[in-house]
Structure formats: C-alpha cells, structure tokens
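There are two complexes below, and they share chain A, which is joined by chain B in the first and by chain C in the second.
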Partner chain A sequence: MNGTTRDRLMLAIAIVMAAIYLFPLYWMYVTTLKSGSEVFATPPSFWPASPQWSTYAFVWESRNMGRYLWNSLVIAFGSVALISVLGVGCAYVLARYRNAWVDVGLFLILMLQVLPASLMITPIFVGFSQLGMLEYPRLAVIIAIAAKSMPFFVVLVRATFMSVPQELEEAALVDGNSRIGAFFSIVLPLARNGILVSALLIFMQAFGEFVYSKSIIQAAELQPASVGLNSFMGPNTNEWNNIMAYATMYVTPILAIFVLLQRRIVSGLTSGALK
Partner chain B sequence: MTIQIELRGVNKHYGSFHALKDIDLSIAEGTFVALVGPSGCGKSTLLRSLAGLEKISTGDLKIAGQQMNGVPPRKRDVAMVFQSYALYPHMTVEENLTYSLRIRGVAKAQAKKAAAEVAATTGLSHLLGRYPRELSGGQRQRVAMSRAIIRHPKAFLFDEPLSNLDAALRVHMRKEIRALHDRLHATSVYVTHDQIEAMTMADHVVVMRDGIIEQQGKPLDLYDAPVNKFVAGFIGSPAMNFIPAMVGDDGKTLALDLGTVRGILTVDRTLQPGRKITVGIRPEHIGIAEAGQGSFDVPVAVVESTGFTAFITAATTPELIVVETGRSTVRPGDMVGVRISSDQLHLFDDATGVRV
Partner chain C sequence: MKSLFSSMRDGLGFDIALVAFALGFLLLMSGLPLVYNVVMSFQEVDMFSLGTFSRPFVGLRNYIDLFAQPETYPILLNTLIFVVGSIAGQFLIGFGLALFFWVNFPGASWLRGLFLVSWVMPGLVVGAIWNWILSGDFGVLNFILRETGLIDANIFWRSDPDYSLYAVIIANIWLGTSFNMILLSVGLSGIPGDLYEAAELDGANAWQRFWTITLPMMRSTIGAIIALGLIFTLQQFDLFAAITSGGPNNASNVTQYWAWELSFRQYDFGKGATVSVVMIVFVMIAAMVYVRSTRHEVRG
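Let's turn to the complex of A and B:
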C-alpha cells in the first residue's frame, strides 16, 4: 500500500468516526424541525418533510428560556470570576515553588477532582443549609462549582506559568520591579492565553452544570437552563421536538464559541500558549 | 580608587549543599572583573547574590559602601545581562529598554529620549519598534546590553552573555562589551566558563572551583604564575602539559615520566630529593629541535596545522602537546627533540597540586 492510498483510507476512517460521533448532534438539530408525528415515524426520516421553524419561538416563549439562560450565564460568569481570581494566584505559587509540601498540595488538589459532583452534593447541601447559604441559591451554586472546578483550572494554569521563563521575572526584579509588580507586568501578560483558555473551559463546564443547580436551587425563576431542560422530562414525555429545540438553543452558542476558538484552545492547552 | 563591590566571608548554603565558601572579594570602581570556572563552581551563584536574586547565608556584601545583605534586587541599582537575554517577549525593543525607567516613574517623553540615545550608540535605532522574536541573536544581545546601559547602574552584571552566539559573533561582541565598559567607566562583573573571554576582556580575573576562589589577579599574572595545578590547567589554550616527575638525588634534576620516554630536566633551585612533583609546561613554551639537540627526544603522533601555528602531539603518556609558530616540517612518526627552558617550568606538588 503506498502513502496516498493509506492517507485516503485514514481520512475515510476519520470521517466515518466523526460522523458516528457527531450523529446525536445532527439528530438533535433535525428533530427540532420535525412535526410531532414525524418524530415517531418508522422508519425515521433523516430530513424533515416540512421544517417547523415555529417550534423555536414557541419553546422560547412557553418555557421562558430567556430567564433560564440568564441564570446559566450568571452562574457561569460567577464561577469563572471566582475561580480565576483565586486560582491564578494558587497556580502561580504552585508553579514557582518546588518542595515536598507543594507536591502534597498538588496531590490533594488532584484528589478533589476525582470526587464526583453527585457524591459531593449531599455534604455540600447539608453544610450550605446550616450556614444559611440556601437563601442565596445561585451564589451557593457558584461556590460549589468553583470548589469542584478549581483543581482543573489550577493544574492547567500552573503549566502555563511554568512555561514562562523565570529569568524574565528575575530581569524585571533587577530592573527595579517588586515581585508583585513583576507578576502583573511580565508573568500575567505572558500567561494570558493559557489563563483565558482555561477560563473558557471552566465557563463551558459551569454553563452546562446540572447536579448542584438541580439540588440547591428550588425556585424556578433562579434555575439555570440545564435544570429547565430537565423540567421537560416526565413519565409520559413525548414532545421531543420541543425538547430538542430547547437543547439546540442552549448548546449552539457554546458550540459556536468552541468552533471559533478551537485552534487557540488546543494550542493554548498544549504549548503553554506562548513562545 | 574606591571599592565598588565588597564581599567579606560570604557563604551560601542550599540545604546541605555549600555553594559559596568564605568568599572574599573586592572590586574597585571602574574595573572589569571576570568570574571564571567550570560549571557548578559557584560563579553564577556569586553573581546572582550580587544582584540580590539569591540571599547569601552568612557574610557581608557591600555595594558602593552600603550593606546589601537583605536588600531586594530593585533597591541595589545594579543591571544584569542574562544568558538567555531575558527580553520581555510581549514588549517592543523600545518598551524593553524603557521598562526600568517607567517603573521608576520617569516621564514617557524622557524615557523615549533615553531609549533613542542608547539605541543610537548600540546600533538599534532602526529596531526600536520590533519585538524580540523578530531579532537575530546578536541584536537580542545588544538589546539586553542596552537595557542595562540605559539605567546608569552602579554595576553591570553579566551572566555568560555570549554563550548563545556563534563563534564569530562572540569574538566581535567580546570587543564591543569591553569597549562599552571603557566608554562608560562602569564597574562590571562578568561570569563565563570560557577562560579566553576572561583573559581577553577582564582587568581582574577570579578563578573559582567548588565554591572557593582558587586565585585572583591580573590575567597575565594568572597565566605566568598559577598558584595551583587547577588554575594552571584552566588558564591558557591549548591547556598546559602536566607530566609526573621525581626529584633526582642531587635535588636539582627532575626525572620526567612520559611512559616509554624518560626525560631529565634541570631546575634552577634545590628541591627535596625523591619528592614527587607534577611538572607543568605550556605548549607554547616548548621548542622543537633536531633529534638529540633538545632536552630529550619524543616520537611525533599527530601534527595539526592551522596555517599560522601547528599543534604537535607526541606519542607519550601523558600526551605532550607542543605549539609551533609558522609552518612545521615535522611529520608523524618522526623523532624530534624538545627544548624546554627551566625558567618556564611550573612545579606543583604531586599530592596537593599547590605550586612549589
């Protein structure tokens, strides 16, 4: 087999795999445009006979999606802000000091990442309830998400900081800056890409967060879109086209961000985001 | 001449590792001092201690008469040129140059003017708007130097600034740095592992090994009278020949042990008979003669000619290397006589390596 044939075969395999992987996404978009009976047609149609665009407007209005998405945004931005402020400093210290305690700290941080949200929620709920935090449910969710996602952020940003040569910081010190000044004027600008990419990943995680929001936020007007989507589900659910329209409006903006920034995200994660 | 940098009994420990051992060093204002030694000898640690990037464990460190032990780098008023240049990648050349001024609160227009002036003297005027990644190695080197010059610091610290350049550029920058030093009448401390850089650039050379200063002095004094075998072998290129020898019964002759070859040399003083000595002879101090005409005869193994000089390696153990100026008529396999004058011998104690 020569090189070209092999390349073509590999490409074909890659396309098939991608098609399998992306099929649910395609199915989601197609289902939104089908009518109620067409959804249950056998054999299923792969393209709607008459696209029902009005489904979107109907779902947006009837489900009050604007409010749900707003809550999702509040929670996602809140989590990103909290994690960024706390995590950047933490990651910097872990990147610049090397001793046994730093290793212990890193290990503990990674341990936190191992525990699933569904396991953590019970103690968190009980704790927040006793502290009276459930009075501010969105803030409570933000804190819970921050605790959950911080390790991921710290580990990624630490790698970014480690790729900033220490000599640059030393040069800034000799040039007359303080440690803090050198951090803000030299290290932070150079680590900016890596931090932004990590923050974006956290944002996407928090935007789709479900377990904490579902458990902590009781009032429907404060719930994020993920919980709102769940409220569709019942024992006799059959309005799949509406559900899919909801899901479409929920995930398409995130998908768009990811597709647009995909190259920067990947390079930010792999190369430490600078040279 | 006032003392600009003074170290008294300086020690540095990293955990159990003793990096600097009782360093005493005085550097007069306006001198160019080279710290030279093999890697791990503590020269960079010493330089970083001067800059304040490392804290010395014990001892006194004074710059311009002021105690600097616990003073942070920014208050020491020294400038440093790093091996990797450490140019700020997200700033243009101009921003790199003016960084230290901006921190000190110098007005923007004034900082720009200072940058333009320095750039003019270092030939960077047309590059002020570029980013470091758009510059060649030599240009980056110049930016790093200019960044130090613009501040008019009390001392310049150089940490192997030429080791990332190719050989031709290195020779050129050597002269440029020295010319710069002379123009600014600055006090410079220059760390290098290359003894040629140290010899050619410095007024005062400090040879270090394992955290101690082995010898310091004027470059040619170190060349002419190394205090021990280490300094003798480190200074000079090609390196000094070392030959094991024993003092004869009369105390005035040395029996050289060159494996198959035995040579006898007379010395102009009396040594303890039977004492074991290491004889050091610089390759350029050995003359080539017809067989039987020199001090003793050796077989020739290799002749390497560069046109101007020829390196002749004798087939002895240890190898004896001779540098002959001009074209050599010697061929591999020849027997030649070597002429060694007794006043150009360096004698070291065999056990301690200390000059006898």
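Let's turn to the complex of A and C:
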C-alpha cells in the first residue's frame, strides 16, 4: 500500500468517525426542519420530507428569543470585560517572575478554578441576597461568572505572556519607557492574539452559563437563553422541532465562530490546560 | 508617598498592584464564599433567616441529619458511578481517537479539532439534544439500537430508574471525549520519534511499543487528564438539569445537583451548604492531584 492510498483510506475512516461523533448535531438541525407529525414518525426520517423553515420565525417570536439572546450577550460581554480588566495584568506579572510567591499565587488560582459552580452557588446566593445584590441580578451573575472563570483565563494568558521575549521589554525600559508604557506599547500588542483567543473561550463559556443565571435571575425579562431553553423543556414536552429550533438559533453562532477560528482556539486551549 | 507612586509606575509596586487587584477579587468572590459555606453548614438557614446574619448555630446537626437521610448513600453511589463511568468512557474513546489521529494524514489536525464542537456548546443545548435523542418512544437512539438488534423493546432512558443515570453518563461521555482527545494528542506529539525508531530496530511490534514507550511516556499527561476529568465531571450540572432533573425519584441524582436542589428547590440552604462542603473536599483532593501532575509544566 503506497502513501497516497493509505492517506486517503485514513482520511475516509476519519471522516466516518467524525460523522458518527457529530451525528447529534446533525440530528438537531434535521429535527428543526421536520413538521410536527414528521418528528414522531416511526421509523424516523433522516432527511426532512418538506423542510419547514417557518419553525425558526415561529420560535423566535413565540419564545421571545431576541430578549433571551440579548441577555446572554450582556452577561457574556460583561464577564469578559471584567475578567480581562482584572486578569490580564495578573497573568502578566505571574509570567514575569519565577519565585515561590508566584508558585503560591498560581496554586491559589488553580485551586479556585476547580470549585463547581453548583456547589458555590449556595453561599454566593445567600451572600448576595444579604448585600442586596439580587436587585441587580445580571450584574450579580457577571461577578459570579468572573470569579469562576478568571483563573482559567489567567492560566491561558500567562502562557501567552511567557512566549513574549523579556528582552524586548527590557529594551523598551532602557529607551526610557516607564513600566506602564512598556506594558501597553510593547508587551500587550505582542500578546494580543493569545489574549483575544482566551477572551473568546471565556465568552463562549459565559454565553452558555446556566447554574448562576438560573439561581440568581428570577425575572424572565432578564434571563439568558440557557435559562429560557430550560423553561421551554417541560417534563412531558412534545414540541421537539421547536425546542431544537431554539437550540439551533442559540448555538449556531458559537459553532460558526468555533469552526472559523478552530486552529487558534484549539492551540490556545491546550496551552493552558497542560502547560 | 512620592516613592510609593514611582514604585507604582516603575517598579515592584506596579506588579504587586496588578496581582493584588485580581487575587483580591478572587479571594473576595470565591475564597470568602468558600468560608461562608462552611459557616452555613453549621447553621440553620432557610427562607426566613436568609437576610439576617444572626442565624442559630446547630453544631454538627446538618451533617448528622445528612448522613441519616435515606437518599444520601444512593446519591453518593450515583455520583461515584457517574464519575467513574464518565471518565472511563471519555478517556478510553478519547485515547483511541487520539491514537488514530496521531497517524499523520492530510486533514488530520483539522478534523480532530472539529470534534471539539461538543465541548464548546452550552451544556444546556447538549442536554436538550440528548434529551431528544434518548426519548423513549420516538428517540433515534432506541431506533438505531432496535434496527441493529441490540435491544428488543424501547428503553425509557429518562424515566426508567435503571437507566436514567446512564442516560446522563452517555451525554457526558459525548461532551467530554473530544476534550480528552485533544489533550491526549498534545501529549502524544510530545513523545520523541526516535524512541520508536530505536524500538523498531530492536524488533518491538506495535503492541509492545505502545506498552513500553507510549504509556510510560504519557504518564504525567494521563494523570493530569484523569484529574481534570474528575474536576469537570464533578462540575457537570447542566446535563442533569436538561435531561433527567435528577429523577425519577433521585435515581439519577448526584451530589452536585442535589446540593443545588436542597438550596433552591427545598430552600434548605444550610443542608445545601453541608452537601457542598463535603463535595468541595473531594474536588480539592482532585485539584491537588492535577496541580501536582502539571507542576513542572506550570513553572515552565
């Protein structure tokens, strides 16, 4: 078997495996295009008989999706902004020094990273309600998400800063820059791509966040799309084509961003988790 | 004052200020709740005492009550099954895929990255899709299993107490496999190729090469990934909310969902805090294993 045949065979097997793995996604999309009765056909059809595109408009209107997605965006952007402001500087310093204090800081950060949200929500909710923070539920959720996701961001961005040669910053200092000047004009631009990818990962996490929003935000007008999806799925629901349409409209933007920036996202992710 | 200012601008003060802001926020918003959680687990906290700080201390009563409850041990057992089942499935399938994609062929890295969509999707959406796939009468999984002759009658994944926990495990394996695979791929690509050439010259077959080179060289990566899998599995909440809600009758309930249920469904915040404290101890142990196995890499 020569090289080309082997390559083609491997590629074919790989595509089949990817198709099997991604079948749930296909099933989501195909269900949205089925009519109410076709959804429950036995045997199920793997291709819609007559695609029902109007399902999307119907679900968008009837479930008020614009409002839910807007709230998700507010929460996601707010979390990313807060995390970036606090996390970038911290990651920069932790990348710049190698000593016992940095090890202690990293250890603390890694330990705080692992606390499950569903276990932390009890003290956070009680504390927030005592401070009156529940009056501003979306802000409360943003703060809670920031506390949860910032360690991950710091670890990722720190890996980026480590790859910026320290000599460049030293040269800028010799040329008369202050530390702040060197940070903003030399180090930050060089680390920009890594920071953007990390921020994107945080954004995608916060966009799908559920536990905090579900517990803290009581008013339906302020809830994000994840909570909206949860309340759409009753225990005995039978509008699966509508639910899948909701899920499709919620998740497709994320999937599109991911597929476009896949290489960067994957390399950014792996640099943080293992290195 | 002047020296403090110039240190902020030019020296160590600048660095310390940057770290102090971030760590201060983290300690305030994660560290303090952690302590508060322990305090609440010794108190009686319900809807009425929620707003006040002077709540009755009850000593160890929450803990004693917790372990006297009939559902506690089944839920702990469920958590164990969920963790072991999810990690085993994610790791084994992920390792298999990583080994396959390790063979270099055109398009391999792009296709491999594509698998990660399962991991970037919101957990609620993954749960909704699997809820539909696992549906009893009209679910496509039952259809496929019937057609291939693996089952005779439909399995009611979500409502049959014998299967509901496994319904969530299946969804969680799907969700986490890709992440395992990507990290294992990174580990595999770090093994120097000449080790294999040398082994091949010595006449080692593929099986022997796997056991004597691949596995030993991957030891720290595997340790980190299993610890990370444990951490992620114990964080999994969305799938329970979307597929079974812990039901029927707690058959698929696990501690991280139960803690939330106690607080936000039964409004027994003291009990919820107690379950949380018990679980956080476990998570911390897993985190220490993870930090240890990546430590040399963290210091870089």
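Simple rule for what comes next: the second predicted complex is superposed on the first by the 256 of 275 C-alpha atoms of A that agree within 3 Å, B and C clash if a C-alpha of one lies under 4 Å from a C-alpha of the other, contacts with A are read in each partner's own complex, and residues count from 1 in each chain.
Rule of thumb we're sticking to: a contact is a pair of C-beta atoms (placed from the backbone, for glycine too) under 8 Å apart; a residue touches a chain by one contact, two chains touch by 3 or more.
All figures in this text were calculated on a predicted structure; none of them were measured in a lab.
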Check: Which of the two partners, first being chain B and second being chain C, lies in contact with A:Glu167: first, second, both, or neither?
Finding: first
Check: Does the superposition put A:Ala76 against chain B (first), chain C (second), both, or neither?
Finding: neither
Next item on the list: Give one of first, second, both or neither to describe whether A:Ser178 is in contact with chain B, with chain C, with both, or with none.
Entry: both
Note to self: Under the stated touch criterion, which partner chain does A:Phe258 make contact with: chain B (first), chain C (second), both, or neither?
What the structure shows: second
Margin query: I want to verify the contact counts: of chain B and chain C, which reaches more residues of chain A?
Written below: C
Item checked: First (chain B), second (chain C), both or neither touched by A:Ala206 -> neither
Next item on the list: Using the superposition on chain A described above, determine whether A:Val141 touches chain B (first), chain C (second), both, or neither.
Entry: neither
Margin query: Applying the document's definition of touch, where does A:Leu119 land relative to chain B and chain C: first, second, both, or neither?
Written below: second
Check: In the superposed arrangement, which partner chain does A:Val39 touch: chain B (first), chain C (second), both, or neither?
Finding: second
Checklist line | Doubly contacted residues of chain A, that is, touched by chain B and again by chain C | finding: 178, 274-275
Note to self: Per the contact definition, I'd like the list of chain A residues that touch chain B in the complex.
What the structure shows: 165, 167-168, 170-178, 181, 185-186, 189-190, 274-275
Notebook entry, point to check: chain A touches which residues of chain C in the complex?
Noted result: 9-11, 14-16, 18-19, 21-23, 25-26, 29-34, 36-37, 40, 45, 50-53, 97, 100-101, 103, 105-111, 113-118, 120-126, 128-133, 135, 137-138, 140, 143, 147, 174, 177-178, 182-183, 186-187, 221, 224, 228, 231, 234-235, 237-238, 241-242, 245, 256-257, 259-260, 263-264, 269, 272-273, 275-276, 279-280, 283-284, 286-288, 290-291, 294, 297-300
Check: Considering the complex alone, what residue numbers of chain A touch chain C?
Finding: 6-7, 10-11, 13-15, 17-18, 21-22, 24-25, 27-28, 31, 39-40, 42-44, 86-87, 89-90, 92-94, 96-98, 103, 105-127, 129-130, 143-144, 146-148, 150-151, 154, 162, 178-180, 204, 207-211, 214-215, 226, 229-230, 233, 235, 240, 243-244, 246-247, 250-251, 254-255, 258-259, 262-263, 265-266, 269-270, 273-275
Next item on the list: State the interface residues of chain B toward chain A in the complex, per the touch definition above.
Entry: 51-53, 72-74, 76, 78-80, 82-84, 86, 88-90, 99-100, 103-104, 133, 147, 151, 157
